[in-house]
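Each of the two complexes below includes subunit A, the first together with subunit B, the second together with subunit C.
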Partner chain A sequence: MFIVDYIKDVYNGVTSLLKGMRLTGYYFVHPKEIITQEYPEVKQVLPERFKGEVVMRHNENNEHRCTGCTACELACPNATIKIVTKFDITPDGKKKKALDVFVYHLELCTMCNLCIVACPTDAIKMAQTFEHSVYDRTELTKVLNKPGSKLMDGVE
Partner chain B sequence: MIEEVGTTTEGDLIINVGPQHPSTHGVLHLVITLNGETVKKVEPHLGYIHRSIEKMCESLSYRQFIYVTSRMDYLSSHINNQGCALVVEKGLQIEVPERGKVIRVLMAELTRIASHLLWWGAMGMDIGAFTPFFHAFREREAINDIMEETCGARLTMNYVVPGGVMADIHPNFQKKVNEFIKLLKSKIDEYYILLTGNIILQERLKGVGVISAEDAINFGCSGPVVRACGVKSDIRKIAPYDGYEKVKFDEVFETAGDSFARYMVRMNEIRQSLSIVEQLIDNIPEGEFQAKTKAVLKLPKGEFYSRVETARGEFGVYIISEGGLTPYRIKFRSPGFSNLAALHHMVKGSKIADMVATMGTLDLVIPDIDR
Partner chain C sequence: MFSLESLAHNIDLGLNNIFPPTVALLSEMVIIGVGVIALFAVLGLVLVFMERKVSAYMQIRKGPNRVGYQGFAQTAADTLKLVLKEGLTPDGADKFLFNLAPFIVMIVAMLLMAPIAFTKGFQIWDINIGVLYISAISSLSVIGILMAGWASNNKYSLIGAMRSGAQIVSYELSAGLAILAMVVLTGSLQISEIVASQQNGWWIFKGHIPAVISFIIFIIAVTAETNRAPFDMAEAESELTAGFHTEYSGMRFAFFFLAEYVNIFIVCAIGATLYFGGWMPFHVGTWEAFNHVMDFIPGVVWFFGKTFGLIFLIMWFRWTFPRLRIDQLLNLEWTYLLPISMFNLLLMTIIAINGWYF
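Right, the complex of A and B next:
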């Protein structure tokens, strides 16, 4: 009976291999099934929720919505955000706290989205960028509020 | 203390596999004592990617510490996050809305499928089959796209917050998942033709790395490793969380306890997870996706534990709170660590090539083992 078992084993082995090879062959002659993405030439449009980096919303008048309340700074687990505030003089002569510099350390950020959720005025959002490679790490420390920008009217 | 190179006094050869080695997953370092080609002793050395996550969590608030656990078992990061959110909810007695629960379960099962698919591809690579890797990654990519659209990231999603989920599902979510179910159903049979039925795979896995049910329990193995010995261990069945008691699925068992049994458990779990997704995807209840929580979460003084079933086994989170903003002590019980502990017992006396096959079926994720 040894011979019968041996032949059976060989038969089963060969058929199982051929079945697999048939599938591989199917994909070989059906190139339409290939889903390769030719990345640097063809860039995929990322969904709007993709967490790439934190940016600040600015409108066309160079106004942002950040009041400098540091809610995002407190929510961040990695000390990615550092907010520097200043005192503005309002027209009626009172001192008012306002945002001076919004420092964002992309090199520390893990894109956890907690700062976006914490923001009460919807001032920051996630951008859909992902090619963050630079030659020097200091380039990754960014100031998010654009120069000369000021607080949008009506945002408290 | 074992010498790390050279020979022992009995003339056995000591070699190092890893920490950088193509057949180990990640930076796993194994010191193997060999007699010819027979493995006499396997000693895993850990510490190459130790990031002291437990200590890190002690300085983070109860909202913040969740994202760190994505970096442990990165292939089932959503389920890790879910376990952490559950323990905070338990401490604060937050009731998660039905919609939030269903979205969590859907994401968890999709993560489980993605994790098992990656394992299947990497497992094929371990024993020398290269094609399965591409097939598995093709379907996994579809899941990643779904995750990217709803959670905003492909791997470390951080989608779970205490009280529910961070954002509602994307409008395309249901359509895309239904498409994915159709896709995977047509492709899953290909996996059987390509690898499961393959005579080489069966010869390499059957009767290799055998562990008895008793030993598996003694080593603290969980997940597919212990279910391959026929032990009831699925946390989703034993202690249901997030509404798993309402969905119908079978706990997958095998009885042989060898590598092929572990392989089959994982392959059948893909089908079970798919059936859970199928049951829930068109029945997501309306309502809130997140419960209203206080701005600052403070767990009352005491000890809290909750556990979830990740793709690799039982994941437990144990928190001791002093009533402050951050946990006093946090302990993670990760499935991979206990499963790796059983490796020596499984491969003792077998050939070195069988050790690689056994390691493949253990589904080791090193950051999970070495936190």
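Right, the complex of A and C next:
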């Protein structure tokens, strides 16, 4: 029946539109549903696994655990890490390879976490930093080992 | 009690005392012109802000909330930006028509302001064919849009303008028939008489079924006529960049934008006048005490309350419904709205003749 189909069409159309209007109307009168985060005032609570940038762990005596083995440098897929090593003289007169400068290019890093996985001595970790914008690109090239820091005892 | 009617009357008397009648009439025209422009500016700011807030809350967002308290100065800042921008005229454009089009659209919106009754006796021009005047003038706005689209010398603009033409010409029909149904009921085309006939109840209640159908058709048709989503074929951001005003920038773009919002206000004011009694307070038949309490709220408040209620309804449509394609749009008009509104007009006539309304 043509006329029945016609009326059914109109009825179905109107009810589905009203269903939509009910939802938007519900949202309109329930401001607590708003999912907007007002960013600079309200900082987002970052999940524990959030990967912001690579940092090197230092203890209170300004000692790190990096032996300069370059495992992280080799693991890095896009040459973010550049490790410069030096030779320390141990007390018994032997030369020993040690970390000089740990260069980290944040502008190249994709936060893939492979360097942290690769590190045999657990020297580096991912930090929760969130705001990375700077005015000059060179500021993104960082040296991770703090000045004057040295290798922690007992880390080989 | 203070009322806008006595204010208007006193201004009229004062001017006629000081000046000869011709000068008094001219100065009244100037006052009205300035008043209408001021109202336009305020409406533009308020309605754009309202739209942005309503859309935000319906989409679980916050909307503008940085400029001024809760973002109230946002639209003023946007307007300032538009004023400072360069108004480009494209090389290939028809310069004269291109520059004329935004003013045509604005002038049409201004002309529509004339017969709207803000409160008792506060009306620019109480013409005896008010409703006819409104439906005649409102169809002129398509000329401005076609002019803009054609003069831009841009395919998007032209397609948008042509669609808008097809759309307005089609929906003019069912809007006209919906209004006609109410005219059948009131028996008058004069806005003040239509409002006065709702002394004992608004037509949407008194006219019951056909009035409600007529109102639904009217609100759909005017949404289409003002080129708003879900019928924004003329702009169609997703397919025509900005439709007929793609090439416009700066203040001339702002005129189109303002005209859109002013047109919404005007059609909602007309809807409020025809179906919800304009400035007439909420009256129920012969409940004298109740009616008397309602009379304490001034007519301006009633008028703007109803108008903004309808504007909210139209915004609600915009932020809920998906857009139609141009063929679906015309299909909706010619196969659904037009037959329904014709049938409704017949029903309304039968009801009016037999006096089956309250």
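Assorted remarks:
Just so it is clear, the second predicted complex is superposed on the first by the 152 of 156 C-alpha atoms of A that agree within 3 Å, B and C clash if a C-alpha of one lies under 4 Å from a C-alpha of the other, contacts with A are read in each partner's own complex, and residues count from 1 in each chain.
By definition in this document, a residue touches a chain if its C-beta (ideal position, glycine included) is under 8 Å from a C-beta of that chain, and two chains touch if they have at least 3 such contacts.
Bear in mind the structure is a predicted one, so any value in this text is a computation, not a measurement.
Within the superposed three-chain model, A:Asn12 lies in touch with subunit B and out of touch with subunit C [touch as defined at top].
In the overlay built on the shared chain, the residue A:Gly25 is in contact with subunit C alone; subunit B does not reach it. When the shared chain is aligned, no partner comes close enough to touch A:Ala127: not subunit B, not subunit C. In the superposition on chain A, A:Asn113 makes contact with subunit B only, while subunit C stays out of contact range.
In the superposition on chain A, A:Phe50 makes contact with subunit B only, while subunit C stays out of contact range.
Judged by the touch definition given at the top, the superposed model places A:Pro77 against subunit B, while subunit C stays out of reach. In the superposition on chain A, no contact is made by A:Leu140 with either subunit B or subunit C.
Once chain A of one complex is fitted onto chain A of the other, the partner contacts of A:Val103 are absent, as it touches neither subunit B nor subunit C. Ranking subunit B and subunit C by residues of subunit A touched puts B first.
Residue contacts after overlaying the shared chain place A:Val155 against neither subunit B nor subunit C. Overlap of the subunit B and subunit C interfaces on subunit A comprises residues 17, 20, 23-24, 35.
Taken together, the subunit C residues at the contact with subunit A in this complex read 54, 57-62, 65, 316-317, 319-321, 336, 340. Of all residues in subunit A, those touching subunit C in their complex are 10, 17, 20-21, 23-25, 27-28, 31, 33-36, 38.
Subunit B contributes residues 60, 63-65, 67-68, 131, 138, 141, 148-153, 156, 158, 161, 166-167, 170, 190, 193-195, 197-200 to its touches with subunit A in the complex.
Note for the complex: subunit A touches subunit B at residues 12-13, 16-17, 19-20, 22-24, 35, 46-47, 49-51, 75-77, 110-114, 117, 126.
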